[in-house]
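Structure first, then comments.
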Amino acid sequence: MKDQIAEEYVQVDAEPWAPFPEALSAGGIRWKLLHVSPEMGSWTAYFDCPKGSSFNAHIHQGPGEYLLTKGRMDVRGGKDAGGDTAVAPGYGYESSGARHDQTAFPVDSEFYMTFLGPLVFITPDGQPVAVVGWKEVQGAWQAFLASQPAQQKKAA
Amino acid sequence: MKDQIAEEYVQVDAEPWAPFPEALSAGGIRWKLLHVSPEMGSWTAYFDCPKGSSFNAHIHQGPGEYLLTKGRMDVRGGKDAGGDTAVAPGYGYESSGARHDQTAFPVDSEFYMTFLGPLVFITPDGQPVAVVGWKEVQGAWQAFLASQPAQQKKAA
Amino acid sequence: MKDQIAEEYVQVDAEPWAPFPEALSAGGIRWKLLHVSPEMGSWTAYFDCPKGSSFNAHIHQGPGEYLLTKGRMDVRGGKDAGGDTAVAPGYGYESSGARHDQTAFPVDSEFYMTFLGPLVFITPDGQPVAVVGWKEVQGAWQAFLASQPAQQKKAA
Amino acid sequence: MKDQIAEEYVQVDAEPWAPFPEALSAGGIRWKLLHVSPEMGSWTAYFDCPKGSSFNAHIHQGPGEYLLTKGRMDVRGGKDAGGDTAVAPGYGYESSGARHDQTAFPVDSEFYMTFLGPLVFITPDGQPVAVVGWKEVQGAWQAFLASQPAQQKKAA
């Protein structure tokens, strides 16, 4: 007999910011993990992207949906290059298979995003270099929390 | 040969507000449909909930995730009744099978929410009265847009 | 820290057959529940459908996929009525929103099916009468197992 | 306005068998693609696995469910090594994150499987070597069909 999954609540502004890996981004992006769904393989996070920051090339294996709550985000090169330029408050749907060679932030920006399945970060010729799914983000987030001074740690 | 699904972008503040059906809510809730995924049966919307408004009793058939961007939301009776009380910026995960006898807004509030599968609105003894999934929300949204004066209509 | 979901294995021919509710079908359909996923709201079952049996009218809220392993199944009225007639071994994809006014078995048949989200059984004019999702099928299956004589019960 | 996704039917025994890539398997595995869902990133296939064949090491990024219709399949090393040994008719659920260092077939076997998200084939130390999702399997299947003599080609 399996139980209904427990509901969850996270006070977003009470969570600390973790640095997003430099190997996968540039310019000081920070993030907060809000949720992982181990069964579906989905996960949800909030990102803080300073002016000039960007994510490295990646493929969305499953669909992803974002709400840009602050600033501006150039997706798939931005509008001028045939992609989208989101301006807060902006919503976007990135489909399974979407390849983002660069996602860039021309001004200080923040966005919330739900992901189904992993991001696969790739080399310029499309070879996989890192698979970032619910397990990897949960592991990274837990490692970050464990590294924080006690007074900043979130109560379990 | 099936194509990759097209990416989408919606300028959230450029969309009009539609009244949420009075049969399913009270107090003047309004909404904007941002996305439907006909294949998965998922959908995404933004809600504006004035002080004192509430949604009628419903069950989340699949998981739902919200980001409360403004105000306060009492979910499953609120914190004092064993549920959650979200305060913006707050994130919540409502699981498949979650029954919400009342979701209430004690102050002017707004939230963004992604849904997998339908909401089933129910009578007090749990009988289904309305199934609200991607098809129904798309139909309601299109009917609303068609009813708007031309100058307010969104370009296709 | 959430764990990876446990893998599962079911020896299909060792499970007992439960009668499928007469209120939702006709002609002696039996079934075995193989799996429920409470987080996604998905579930998987095996059905045994004698010659002349049928399921009552229902809507697939999420996608469903079947493998007909024996016999013949007339879906959406069968091929002659614009639907499909599956002949074992046959595969079918039923999309989110698919309405099946009758699914009928002209010969003794068996099929395996995975479901995302609930089936909503409906009246002829489309009103919901029963929502059958992971919770309901798990409850029905557990009640059936509990009703079985001890020697037929499956070890936990 | 988005349409409901079309239903599909495939006569499984009328489809040809394609060789499964030698780079990802050993012993002459063959397969048939039955379905892809570009929006969810899910896909469904049927596999024919001769005695002595096996799949190379891979990780299931999302959940997978199989029905072994013939023979025997040693999953995660088989029962003696702490995994599962399926015997037809057998059902199995492989969870998101499941790592299969070897999946082996001690006798001639066949199975049907639904996948959410990609398989990531890996090196012994877990580095990704190939991401196999709906796009890749559809591409491989179409290339196989195009390579077949005309009389064996399936009508569109």
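Chains: A, B, C and D, in written order; residue numbering restarts at 1 for each.
In this text, a contact is a pair of C-beta atoms (placed from the backbone, for glycine too) under 8 Å apart; a residue touches a chain by one contact, two chains touch by 3 or more.
Since the model is a prediction, treat every value here as computed from it, not as a measurement.
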Selected pair, greater C-beta contact count between A-C and A-B: A-B
Interchain centroid distance [CA atoms averaged], chain B/chain C, Å: 30
Euclidean distance of C-alpha centroids - chain A vs chain C, Å: 37
Centroid distance [mean C-alpha coordinates] between chain B and chain A, Å: 23
Residues of chain D whose C-beta touches two or more other chains: 4-5, 37-40, 63, 95-97, 135
Graph class of chain-chain contacts, one of line, ring, star, complete, other: complete
Contacting residues of chain B [partner chain D, same complex]: 1-5, 36-40, 135, 138, 142
Chain C - residues contacting chain D, complex: 4-13, 34-35, 37, 40, 44, 46, 63, 65, 67, 69, 75-76, 84, 86-87, 89-98, 112, 114
Chain A residues within the chain D interface of the complex: 38-41, 59, 61-63, 95-97, 116-118, 120, 128-131, 133-135
